[in-house]
Amino acid sequence: RYMNGAGSNPDAHIFAMAAAQVKKGLEVAKKMGAQNFVFWGGREGYHTILNTNVLTELNNLASFFRMAAEYKKKIGFTGTLLIEPKPKEPSKHQYDYDAMTVIGFLKHYGLDKDYKLNIEPNHTTLAGHGYEHDIVMSSAFGMLGSIDSNTGSPDLGWDTDQFPMDIKNTTMVMKTVLEQGGLSPGGLNFDCKVRRESTELRDMFISHIGAMDSFARGLLNAERILKEGVIAKQVKERYSSYESGIGKKITDGQTSFEELEKYILDNGSPTNVASGRQEHYESMLNHYV
Amino acid sequence: RYMNGAGSNPDAHIFAMAAAQVKKGLEVAKKMGAQNFVFWGGREGYHTILNTNVLTELNNLASFFRMAAEYKKKIGFTGTLLIEPKPKEPSKHQYDYDAMTVIGFLKHYGLDKDYKLNIEPNHTTLAGHGYEHDIVMSSAFGMLGSIDSNTGSPDLGWDTDQFPMDIKNTTMVMKTVLEQGGLSPGGLNFDCKVRRESTELRDMFISHIGAMDSFARGLLNAERILKEGVIAKQVKERYSSYESGIGKKITDGQTSFEELEKYILDNGSPTNVASGRQEHYESMLNHYV
Amino acid sequence: RYMNGAGSNPDAHIFAMAAAQVKKGLEVAKKMGAQNFVFWGGREGYHTILNTNVLTELNNLASFFRMAAEYKKKIGFTGTLLIEPKPKEPSKHQYDYDAMTVIGFLKHYGLDKDYKLNIEPNHTTLAGHGYEHDIVMSSAFGMLGSIDSNTGSPDLGWDTDQFPMDIKNTTMVMKTVLEQGGLSPGGLNFDCKVRRESTELRDMFISHIGAMDSFARGLLNAERILKEGVIAKQVKERYSSYESGIGKKITDGQTSFEELEKYILDNGSPTNVASGRQEHYESMLNHYV
Amino acid sequence: RYMNGAGSNPDAHIFAMAAAQVKKGLEVAKKMGAQNFVFWGGREGYHTILNTNVLTELNNLASFFRMAAEYKKKIGFTGTLLIEPKPKEPSKHQYDYDAMTVIGFLKHYGLDKDYKLNIEPNHTTLAGHGYEHDIVMSSAFGMLGSIDSNTGSPDLGWDTDQFPMDIKNTTMVMKTVLEQGGLSPGGLNFDCKVRRESTELRDMFISHIGAMDSFARGLLNAERILKEGVIAKQVKERYSSYESGIGKKITDGQTSFEELEKYILDNGSPTNVASGRQEHYESMLNHYV
């Protein structure tokens, strides 16, 4: 009978198999004293929306993650569970598209206390964001757990998993890591591969050395940026109007449209917008890299 | 003094101005008996992450939306409040990137009962998804409130707001609308403009007629698809293993990794994955368009 | 010694090997009475411009193609030699990026009488153009020899080699083929593969049937478009001012800036630009698909 | 009458107007002693291929460029005529898509002695290439005449004309400029604008200073790269097998498939491909930036 696909197993059977495999993985992780357990992103999406019930798939995915968190607690595994966002490839669309999508998913299903994010910035660029975007966003929400410190090629539309060699990128990543007080028990993982044309054994060493050097330079740059505090001071200044008066009421959720309208009637319409000074910020960053 | 930008108003002042404007807008909407009130997407993001505190901005954005919802209730305006996702342009990144990002944001800030989404599919394609993706996702979560029925050009990276002329696209949109039982009080809005080279008055008429015809054909196609039910039946069959037995337990969240492992030990490893049959689904769709 | 890569063969040696292989391929093609011989696009580019001398590589590539054309004549093989443009993947950049790049390359090296193009439209979309663009461009220059009638997914940035299922696309391709009087000795080749999730034998049949049906519908649509001639008539009208008077002189290269300036002084500045009527053309096309 | 668009001027009339304008422009350029005359890229393409005869448009475009070159000679203007490639925006497709497309066009119409290229790297990235790609390609063909030294944002799909602030990019550009012995009479032009949020007067100064500093650092880096010669030496070594023996015969076009096959039969199949060493090159570049 065609509808079922002759001889094929029901999807729930395959789901159960995946659960059994991850159960074993968690047990092994506990035995080895693992500190992180990453749910790697690469399959949990659809190839065509025509054959897909997205809500059933999301519910079942959440069910899977809930069982994993429960089983982790039951066996006393203390490592961090991490989800790694990836927008596509090989699937057309993945449900863990980017950091904010995953955070929203975890909030929706009440799993945000049980999972953190493992960000791979080449997945971030595939999702249409800047290299450091998902690092910054997940850190802002207290969800940055670990980093796959690869890079992609901004002019290519697939995942090349190249060794990170751009100092500006590594500086931005390390700046965020320092700002959140480190990454422990996560870390920087090279989930990279040498390029197809790098065919000699020593390419393996040179690529790791070059990428580690890039992150070391990024760390030193970030440390100087934070120590000198010039950029941070200006950002703080930019938002300073929210630290007192009507601004603080806005941030604290203690005001209303009526009060804000009255504020404008009392104080007049704003006549001038403060500059965003993008080029100044870019020049300041260039001072450090 | 440079830090402040000579003569520029504090950001909180500008925030208050926006609040006063939207307050007035809500009052006018109530007076006119408006059924929808769209927060159009196009500015609420950053141009460079270097000068940006994303968490402060998201909190303040949520504060704004909370006050809008409160004021709506206070004055008895009964129209739907809608947020329109857009990933970028003119900003580099918008916080309401796509449907799932907005839904996650609303969940996080407890605003998901107060807002629905207004989806503009050319924003969806700019976010790297298929044309109908955000329509389907927001509908699955019960959040699809209205549609700006424009299209973009898949080979262009900016928002062209073209009139929708692709029958396959309009069929997919209307199929989702029919499946959720209609769109009321929302609707299909042409937020389109004729192309720069379409310089004659009659282009305005022809473009509206052509686009309305495209949606009319899409509606007729969708109605036949749903009435004949061939595609829906196969999708239902694909997920049927989750309607009973171990599959139902998965969907209902009533099982555990231990039970699923035992299921595999009792029933054996799956040997064969059912085909996704993408090409068959695509051929079926072609039968209708 | 590191500079040479211990034990690696000189590049010229590998070039010679490729030549020997293609020589054999041409001999086999002649023996089998082949009508087409495609130089498939996928490797002839660079992964990083840092290690690359682009001019040496282009010169050597041209040398290779010249020898192939010479050997073809020498052995009396009468099939068409074809180059298949592809912009990238797995390489970062390919020298045969798209149709116009290849045509320019062939002109530059005096090879344009010896080669035609084999267009694969999913490569065209990867190069940032519309689906039918390279088909139309190579046909306009009399260089369209054959077609790999695959499709990609417009929201994905790599080459999926999907079966073509979009009737508008197949209509545009067949319209161009009919307009140039057919494709012989080339043809429509399915260089496609079923999607990763299409795991059953019958998916192979259904995908070929669905794609052939799509091209059949495209052919019927194109035939009606050309027979009725409504679109062609309007395009001809659009350019009609170049068929006589000053316009014909422009097209024939028989005028000068002085004469054109005098024309404006005599006839006045233009006051009104004719509409491009994009939406009208799109609506006309929708009438046929 | 609809076919003509009531009251609209024939296209040839508008063509003549453009010719008269450029004629005047050339006269002014001569009077001012201009050294460069750039045909800026931004309109010479199509919005929809449905209403377009690409061959007529390309022929007329060539006719225009031929008349400009003739008139330049006639009036004794000695500045360089330059074409600036741009792939799209606001049009869907431009005929001067990228450097190789323009070079091919010039070759095809016999205009390659009369024009050089003005490369704007943010147009290059819009065309899907790496930042420095068109700089390198046009230089390799002796066609790099001047540079609009802007940048875009690699995650955005439109032309942002930002001030160049990436040292790696400016290093690569200046390396190419130095390698070709300078750019005179062209130069580095900032065709940039401050970002929409940079609203203060001093942003104008800071952005120019920051971008000039970026190119100054790039120049210093490039000078060291070329003086030390480590990278150049390795690239030369990579292609050294084409400088003598069978390799030289390949490059000189003095061999044939038969001779190359005999070479393989005599010397054996290659067993090992030399590594491309991308990560090593990237690490070497990082040493300088």
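In this document, chain identifiers A, B, C and D correspond to the written order of the chains, with residue numbering beginning at 1 in each.
The rule is short, and it goes like this: a residue touches a chain if its C-beta (ideal position, glycine included) is under 8 Å from a C-beta of that chain, and two chains touch if they have at least 3 such contacts.
Composition by chain, UniProt nomenclature: A, B, C, D = Xylose isomerase.
Bear in mind that the values here come from a model prediction, so they are computed numbers and not experimental data.
Q: Which chain's centre, taken as the mean of its Cα atoms, is farthest from the centre of subunit C (Xylose isomerase)?
A: If we average the C-alpha coordinates per chain, A ends up farthest from subunit C (Xylose isomerase).
Q: As a quick test, compute the distance in whole Å between the mean CA positions of subunit A (Xylose isomerase) and subunit C (Xylose isomerase).
A: Whole-Å distance between the two chain centres: 40.
Q: In whole angstrom, what separates the CA-based centres of subunit A (Xylose isomerase) and subunit D (Xylose isomerase)?
A: 36
Q: Residues of subunit A (Xylose isomerase) that touch two or more other chains: which are they?
A: Residues 5, 8, 47-48, 88, 92, 128-130, 153, 155, 195, 197, 199-200, 272-278, 282, 285 of subunit A (Xylose isomerase) touch two or more partner chains.
Q: Which of line, ring, star, complete or other matches the graph of chains that touch?
A: Contact map by chain: complete.
Q: List the residues on subunit D (Xylose isomerase) that touch subunit B (Xylose isomerase) in their complex, please.
A: Interface residues on subunit D (Xylose isomerase), with respect to subunit B (Xylose isomerase): 2, 5-6, 8, 47-48, 88-90, 92, 126, 153, 155-158, 195-197, 199-200, 202.
Q: Under the touch definition given earlier, write down the residues of subunit C (Xylose isomerase) that touch subunit B (Xylose isomerase) in their complex.
A: Counting only subunit C (Xylose isomerase), the residues touching subunit B (Xylose isomerase) are 125, 128-130, 153-155, 163, 165-168, 194-195, 197-200, 203, 206-207, 209-211, 213-214, 217, 272-280, 282-283, 285-286, 289.
Q: Can you list the subunit C (Xylose isomerase) residues touching subunit D (Xylose isomerase) in their complex?
A: Its residues touching subunit D (Xylose isomerase) are 3-5, 7-17, 19-20, 22-24, 26, 47-56, 58-60, 63-64, 66-68, 70-71, 87-88, 92-93, 97-98, 100-101, 103-105, 107-108, 127-130, 132-133, 136-137, 140-141, 172, 231, 234-235, 237-242, 245-247, 250-251, 253, 255-258, 260-261, 263-265, 267, 269-278, 281-282, 284-285.
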